[in-house]
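First comes the structure, then the notes that go with it.
So that you can tell them apart, the chains are marked A, B, C and D in the order they are listed, and the count of residues begins at 1 in each.
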Amino acid sequence: MAAEPKQSEIEQLRLRERLAKLRNLPLIGGVSVGGELARLERQIERIATEPSADEVWHSVELARHQDRPYTLDYVERIFDDFVELHGDRSFADDPAIVAGLARFRGRTIALVGHQKGRDIRERTHRNFGMPYPEGYRKAMRVMELADRHGFPVFTLVDTPGAYPGVAAEQHGQGGWIARCQLAMVRLTVPSICCVIGEGGSGGAVAIAVADRVLMQENAIYSVISPEGCAAILWRDASEAKKAAAAFKPDARHCLDLGVIDGIVAEPEGGAQLDFDAAAALLGDGLAAALDPIADLDADERRRARRARFRAMGVFAS
Amino acid sequence: MAAEPKQSEIEQLRLRERLAKLRNLPLIGGVSVGGELARLERQIERIATEPSADEVWHSVELARHQDRPYTLDYVERIFDDFVELHGDRSFADDPAIVAGLARFRGRTIALVGHQKGRDIRERTHRNFGMPYPEGYRKAMRVMELADRHGFPVFTLVDTPGAYPGVAAEQHGQGGWIARCQLAMVRLTVPSICCVIGEGGSGGAVAIAVADRVLMQENAIYSVISPEGCAAILWRDASEAKKAAAAFKPDARHCLDLGVIDGIVAEPEGGAQLDFDAAAALLGDGLAAALDPIADLDADERRRARRARFRAMGVFAS
Amino acid sequence: MASHIDVRIEDRREDAQPPSGKGHPNTCPSCGSHYRDDELEQNLRVCPHCGHHFPVRVRERIAQIADRGTFVEHDVELRSSDPLGFFDLKAYTERLAQAEQDTGLGDAMVAGAASIERRPCELAVMEFTFMGGSMGSAVGEKFARACERAAERHVPLVAVTASGGARMQEGILSLMQLPKTVSAVDALREARAPFVSVMTHPTTAGVLASFASLGDVIVAEPGALLAFTGPRVVQQTTREKLPDDFGLAESNTRFGHVDAIVRRPDLRPYLGRLLALFANGS
Amino acid sequence: MASHIDVRIEDRREDAQPPSGKGHPNTCPSCGSHYRDDELEQNLRVCPHCGHHFPVRVRERIAQIADRGTFVEHDVELRSSDPLGFFDLKAYTERLAQAEQDTGLGDAMVAGAASIERRPCELAVMEFTFMGGSMGSAVGEKFARACERAAERHVPLVAVTASGGARMQEGILSLMQLPKTVSAVDALREARAPFVSVMTHPTTAGVLASFASLGDVIVAEPGALLAFTGPRVVQQTTREKLPDDFGLAESNTRFGHVDAIVRRPDLRPYLGRLLALFANGS
């Protein structure tokens, strides 16, 4: 909490750090997608340049694209022997969050992720990926199971947010979002989160308190939807694009702000164009994030995780 | 698991052990009720004699007596500064279980107990002391709070049993009774339970997995109600008295079977005749049970508790 | 669905055989198809016509899920005593002897070491026809010892339950089998050994309210009644019309209490997959 | 009851003053009684006629619950930066400056050491009139430091919340104040320091979904709106008629989320009793 350097110095420092990070992210080197290095170099260039308002809005559109791969699309491509676990042991099984055990490159892991629906029927069933308190409880239960057995926890974030409904409120969703975060802070096993689509507010952060937090190139992570922000601050929901440009929910800006640790590249044009390639890149990204922390001392890792989130924010004093 | 001695030897051994226990129970010495030693000696004699079928049935009647003191009657007489805590953080506050923090002879403790109602309205409100899953969750929450802060846990058991209703089943009461027991097994703080009225089956044992388990002289503790047992085995609920004599839910027999660690004396004629005296005896009993284990190593005490319950049962092999 | 739930668990714990007038045990209560015993056995006692899951006796269950020839039973000689000298219309000792004669088992649980799809584990399987699968001191002790062997060998424990609840002929000691088996699971957890609970029809009362609900993973067979209180008592108490699937595995899954319903033919590969996952973790 | 819930939290975070046409701030919205400011202050801003709890500014709140003269403020100079260079209809820096000028506060939380009924503690109190009590980097940091001081001194932390949620002008960093404050509570718990959360009107969104819900004990003022999503948005989404007491402290208590509703005149003795209990434990 020493006095901070001037804003311009910070900017330069950050730019350098960020570029170093980008160059070092093994997934962006992307060997697993078959040596298309030239394309990936272009991608690095693209990501390395501060996005314009149009580019930010393009991310918003891609993050919500109806053909974008969802959690289970990645699960079937990245993991083996997925066994889905159901239910919060109290009240329901929330289909907006999927959870289970699986094998990832030879090691057993626990997976928790939001799940949107592909067609109208599944969308309704999955509540558009908006969890009820039951979903957070299921997530906590499976993470605690993983903790007991030493399985790393992967979480995939893709939700417009917590469900703004009467029963969700009555069943205490505020409290359960808080408790789910606390459960993640306390895990003794390693945890990796990747935002793969919409990282919408409390419903997203509930399962995003991990040792390493990644975002896919075209994912967004934000405290409110662009439309919601526009409605409140501009008093006009149609100003969403302006709002998005102002609060910068794209991966590049989240990396700059120290909120995430790395960006996972997507196939050119977006993950919706090539599920297999997107999954290969995501798999590499998860592995690259997990490997360096997998064998750390559990207490140290936990303390480092807590310190990571303790340090969030920019202020002067 | 060595070969067991013959039944007759066991009987004699048990009788001697039991008498020794009775003589040593400080509460039965009862200094706190003002030196009425002669009466208390008679009481010891009475307890020391194996109860007849009539006496067992008398206990059943007294345990369920409508004027018997309930948990909150004891709380106001035994504890200071009781702060009741409410709610399971999920779904409801179950009035059939009360929980809170209080001061007991200079030390802060957590209290969890079943609560029956005194008049028709309160009885309905308290559901006759029959918990829903919400009640076990509240109990677990307050016990975990106590665990975090090093407060000993007292539980007072007085329930006909878990509530046999549709919602209680749907909300998973079997699982919550199991998890509440597990939470008690895992506590790092000392725990004392006393059955103060009806110790009815799963609803009772859910909060009875303590380091020391006591029963009041006229309390009962049983796997099924006498009426239920009679209906099943005699196919006639009116044979309840016969059933009670056969399955022996009274304190004396529970002590003999090693299920409880001590009997807390009641005022002559039963606790319902003198709440203050009953509370004084119960307070002494709780203190006498807590003091020897309060300062043990937490891990050791936990292991001893687990071993205590691990050892329950009589079998041959 | 409701037609093939036995709503009378509560008053037939001691009856090993279905009451007369209820149809032949090899007649499907759901669709009425009738089978020879070897047909049923070959189909894992699942009705080929409608998928109804018939009850499975303990030895057959073990043969269904354990790798052939790997099961080694433990604690064969373990028996419940009669600590209360319990006598209702018959002496408890007499009932025990009768049950042993009828089933060829010492009590309502068989436990031992086995492997499932080449993964070593401990198995604890309950037998409903032994006094309604009720849990007394012998069942509790067998389960606790199975936990201890699993912890010691650091292998998973797989329990298959079928029980009407605690054995009331052992009085309060039968209730004490709840915290006893819960304590055993706690020790198992401390040793980081996995525990998979397979609930079959019916898993109720004291068994549901103790170890069966504490599996790291809980699976159920289709149509199994999984309830703390059986439908008859709930009905009598509340006077409500119960939902058609009251207490069934399907309803329990909807309410979040069960990880998955696994059909019997899928059970062995499912367990194999789970055990492989657990084996890789540490 | 519903009449005095402000259902418009969502769109007036930035408005410190009640909108015109909504009646004088000293007129009781529940019963219409009107009071002089000193009358209200003397009554702890509770309507003597009907018991309605008026909002309390942070300095007055501290005076109400802390022992006179014991409060020592920390982190007075701490200010939010403007990491995004956020500009909507106005620049964020301008809004911050305006709020500071209006309230005399550096941000929406005041924190420091105090004693309550002679029990030492740390106090963290939110100010709703500072940009709707929204939580940005300054609030998160102040809360985290208050946790750290409480842990270090091994005294309880008492938080009094009033918030419209995260401060969206700080974008994703405002969302990060949720895990930040949750992490701070985890450190507090590790140090075994108690945490009492007092929720006042309104405690919503990001504050409800983080530290406010993690108190060892959670109490609420009567009539306070405690909801993750405010009634207006829920109504728009579900198109249902909301229950009259939707999201109120009373409803939260019924649903098990709050330990007790404590009337303002009882708050100080209640906290004193709790703090004494916590002090005796270790």
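Convention: contacts are C-beta pairs under 8 Å (C-beta built on N, C-alpha and C of every residue); 3 or more make two chains touch, one makes a residue touch a chain.
A quick note: this is a predicted structure, and the numbers were derived from the prediction, not measured.
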A correct list of chains touching both chain B and chain C reads A
Any chance you could check whether B-D or A-D wins on number of contacting C-beta pairs? A-D
Averaging C-alpha coordinates per chain, one finds the centres of chain B and chain D separated by a number of Å equal to 42
Provide the C-alpha centroid distance between chain A and chain D, rounded to the nearest whole angstrom. 29
Whole-angstrom distance, CA centroid of chain C to CA centroid of chain D, is 52
Cα-centroid distance, chain A relative to chain B, in whole angstrom: 49
Listing for chain B: what residues touch at least two other chains? 89-91, 171-172, 175, 179
Among all residues of chain C, those touching at least two other chains are 255-257
Pairs of chains in contact here are A-B, A-C, A-D, B-C, B-D
Note: in the complex, chain C contacts chain B through residues 10-11, 13-14, 75, 77-81, 83-84, 86-89, 136-138, 140-141, 144, 166, 168-180, 182-187, 204-206, 208-214, 226-229, 233-234, 237-238, 240, 242-243, 246-247, 251-252, 255-257
Chain A contact footprint on chain C (complex, rising order): 189, 192, 194, 216-217, 253-260, 270, 273-274, 276-278, 280-282
Interface residues, chain B side, partner chain C - complex: 162, 164-166, 168-175, 177-179, 181-182, 185-186, 201-202, 204-206, 208-209, 221-224, 229, 231-235, 243, 246-249, 253-254, 257, 259, 306-307, 309-317
Mind listing the chain B positions that touch chain D in their complex? 81, 83-93, 101-103, 106-108, 134, 138, 145, 148-151
Which residues of chain A touch chain B once you look at their complex with the stated criterion? 89-91, 133, 137, 171-172, 175, 179
